[in-house]
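By letter and in written order, the chains are A, B, C and D; residue numbering begins at 1 in each of them.
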């Protein structure tokens, strides 16, 4: 079941609503003895934090994490790690008018249809604010896999993709778009700002890569590494598509063009001459970089009126005022990284369980 | 954990290898009192069955299902339903030469890296033959959701997509490609045959649609309907990409273009004026058709030699002889349907558990 | 997995240590629309609260619960309910000396053997203080099963059992022993006080009964109601034995003596003429009261020195100073009730999932 | 959920009814590379097999196990191990008359109340015959824990207990009662035969001990080793009570009397001077023998008429003819051993996952 829990061996449970007193995560199954303090987590929350540029929502949250359990004398004890982030900037009035109206593209109607009752303040549990708890949990997961390096970036905003010939990883953290291409970063500034000023929004594609993953992680048939990654990524707010390796492009190829030839490499391990597969075969890592692309739809909350209905069933026009990200995919980058780290850490432990 | 089990309330466990004596599924959590016999399952296995045209593998398996438990006097009892399919056409010699060599694009190397030991006959557990067990389980799932109609088709083979202006659902079952477009079906016959004759292979995209799903199925945050669908689809052999609704195309749109406006409809329910979201918002069904696209890579088993290594670490050229599907996506159609049915049936019961 | 999570559909995860800043529970899967506030939970925590008489530990904790999520406008939303209890009376110095020595009968040595590192303050995670989180979760579970009444009492302290001829349920809440027999209550006061003054401790047996459980809850084979109850009860700190119905006494009986004859009752349901089975047959409730007996060992923390070793492997004599319950079974009563309520609520929802 | 699945990392799912074509188990998560053939499993099934003496049911089943998957070239592959046992001696007529009447003490009424429909042949899924599948799975589990020795025996039949002064483990396999006391074995022969001839039945207590379990297995709080054992044992047909170590007797003791003092032993590990705790503290193994007592009620199926009702709600007298064990606890011995092995193997892998 585990509706608000993710993972198999390293499991985390998140709780909390956009406008409640706090939100948090409980991380269970973490190995003991790992050095952990708030300062290991905070930088990742800071990367996701809203209000850091005009290209993200102006909600201002310090997103300060507190560790409430599971750490003693600076090291994990193997017991549940409870992480809490208090909500401090809850301007509920901004959201009051959506109490009765269903915002198209949002979960408002679906929640009401399911539960007959919903916390409409800021989307309640369906708010992307919940992803802060995932980012906190993901920071713990990174400590479980020190051999792995996880890095994500925005690859495309609207139809405007980066040029990989200009890819410079060192740029990712230096602009508000997690953009590795300096030319695209400038173009995106214009595009996102235009969307923001027009009361509109725009979609994005995020790419994530994990290097250092050894061959052998992942567990067929229904705990495949790629299947777990797909669930992890598709479960992020606003995500509508996931690809491993070449993804949909692979469907257009012939078997020869899609092959990842091997030749003898170091330590008796294969050296791969291509990575169409994105580092996963048969649901198990091959030792190549694990690569995943994630499509974010444009933010549904826009100032442009959209026809809708209210909870009484009447026709209304909905304009979503308040503070919103014009491109929700941007702040998705730390979330995508967190989910990648969580899935990999989980599978490292799962592999160790079965295969020693 | 549940490495070979899928589902939350309606759970199924599959077992078996390509060249072992049999394979099967145990379906647990099925409601009692449903009429069920082998004849409810066999047609779906027949649709997936190999050897029915020159466009699929020439392995000839009757894939006859037997119900070993969980049914009494023609109705389910609520206890586990054990389904078994015996393997009858196991020409192990076809596969003998891959005992030592790793086929590029296959799970051979990854299995050896993980387990240090593998059943190399026909890929063993990593064979797509395992999906027969899913199709059998999916037939049971359909009985749990009589209100839902699940239908999949091939939308694209290689770069050649159907034209939706010619979409005719009644054609899907009448050609070897599950193709709803008569023109595309003819084109694909030439393309797939050419790939087959060239000892090559080709990728495909399958689309699946479920109509009749009421609003309210799906359970945030980590049991979202779309996340579960993504895991279900990405876990199918050869799948490299999954989209819900517009998927990656949504990333290129503005918020207005991607909106699904609503107006008052029958029974106080909304009538949607578009379905970019693919019938899911916030991880919960909206009452619209649930729509998913699935990308299959080209079959890795090709006659064209590809550089690889063997288990001793030496360089080898691998040509995969034997009987293979030139386009594995085609026979993926019944599997995609089965996984959609299984996820929906599971979520119907999960919703009933929490929300009555 | 779910090491710190219990339940199948209604699941709760607890976190926190005896001397950390707080402890808590996250309750997932709760139906929406139930009225819930802190005042529904606090009375049960007050019943378990330490320091209320000289017969329990003198640690003084208000055990004030806060609801951090999952409730909106006074009703549950169907999203996770986060409950937090802050620790306020943490006299760590009391426990300082056990940092290096293993208290016999405690989890000290086992935790070190497992994790190589432990929070020794007050037993850390192994402290019975964790059960406060279960009691809080149990209060939520009660709201899920309004048709059921759960009531526990102490049946025996040391070898001194109550006389059921004097059983008066109304007395249970009126004495510090949850004792339904006025004579036994007086005797126990002398016995427990003597143990306390002698720096000793004493064991107890708690009986719990749930009335109003309809026939049909419980799910064979490995989710049997009695198996889940056994796990729930045996997992409580200091518990060493669990019986359903007649338990070990049934082993001494003949088939005739152990039979629960039936005759036609109201509504076509059977009227049972005995309840040796404790209301469960084949792992499924029969409609009779569900009855369970739980054995608590004497508190391991005693002032009398016991030979032990320290973490360096040297021989030491351990006297456990600090504030302890002379009879830990007494405060086990609200915990046993909570676990019964949690198991029943979980099985109500599970039954609804499969059987509608 | 996992209603017919048990375990956390090493998981097994059983299926099958008493009078269906077969029953079986699927064991998932087994480490790869273990030598396994039918001959590793058959001896344990033979020990449980009916019809071997006049003291057990006269149903005659060879209980021949077949391995259908998960083993290649004599070793486990890490994929699911499917085990099947065909039913061969199904005299359905024996059971025909209970189709409409509810046998007191049986699951008949509870199954009907839950599912509205049941396989009444031999109790269907509620038959103790299902435990054959557990015994088969348990044989696999033993291979996962070669360092552990699991041994069970009957300690008591009716009120007649063995005298531990005469305990001789070598006798256990030499008499039809798994009795380690030669005097008790003779006494039990008279008692059980008398019960059989009188058309009655009698209860029993089984004790199981596992030696060689290292300190550190078990995972607090809700995956405690003792809690999992309690669930495993209470879930066996006819079991009504479970004790770890001294169990209910511990409730009568003082803290001093119940203490397990330690002194320095070999390898820096403690040497324990007593084992009241049954080898488990805080839910984690201490390195001492893990000891558990299990109470079996008398077989409910007796020839003596017992008042009951039928499915129409009418009063009937039920005499259960057919072939039954006069003391079901006897054949419980291999089942108790199997469950102990399964729980320990599971926790070995779980420990390895988290703690390396």
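Following the convention adopted for this analysis, a contact is a pair of C-beta atoms (placed from the backbone, for glycine too) under 8 Å apart; a residue touches a chain by one contact, two chains touch by 3 or more.
Owing to the predicted nature of the structure, the values given are computational and were not obtained by experimental measurement.
K.L.:
Note the rotational component of the Cα superposition from chain C to chain D, reported as an angle of 0 to 180 degrees in steps of 5.
P.N.:
Angle of rotation between the two copies: 180 degrees.
K.L.:
If every chain is reduced to the average of its C-alpha atoms, which one ends up farthest from chain C?
P.N.:
B
K.L.:
Comparing B-C against A-C, which pair counts more contacting C-beta pairs?
P.N.:
A-C
K.L.:
Calculate how many whole Å lie between the centre of chain A and the centre of chain B, each centre taken as the average of the chain's C-alpha atoms.
P.N.:
Using C-alpha averages as centres, the distance is 26 Å.
K.L.:
Averaging over Cα atoms per chain, report the distance between chain A and chain C in Å.
P.N.:
39
K.L.:
Need the CA-centroid distance for the pair chain B / chain C, whole Å please.
P.N.:
A distance of 46 Å separates the two centres.
K.L.:
Counting only residues that touch at least two other chains, what does the list for chain B look like?
P.N.:
Touching at least two other chains: 1-5, 8-9, 14, 29, 32, 78-79, 114-116, 125, 220, 350, 354-355.
K.L.:
For the complex, give me every residue of chain A touching chain D.
P.N.:
Those in contact with chain D are residues 1, 9, 29-32, 78-79, 220, 349-350, 352-356.
K.L.:
Show which residues of chain D lie in contact with chain B when the two form their complex.
P.N.:
Touch list, chain D to chain B: 1-5, 7-9, 11, 13-17, 20-24, 26, 28-29, 32-33, 66, 68-70, 72, 75, 77-82, 114-119, 121, 124-125.
K.L.:
Under the stated contact criterion, what part of chain B meets chain A in this complex?
P.N.:
Its residues touching chain A are 1-6, 8-9, 14, 102, 104-107, 109-111, 113-116, 125-126, 130, 156, 158-159, 195, 200-205, 214-224, 226-235, 237, 240-248, 250-264, 268, 270, 273, 276-278, 280-287, 293, 295-302, 304, 306-309, 313-315, 329, 350-351, 354-355.
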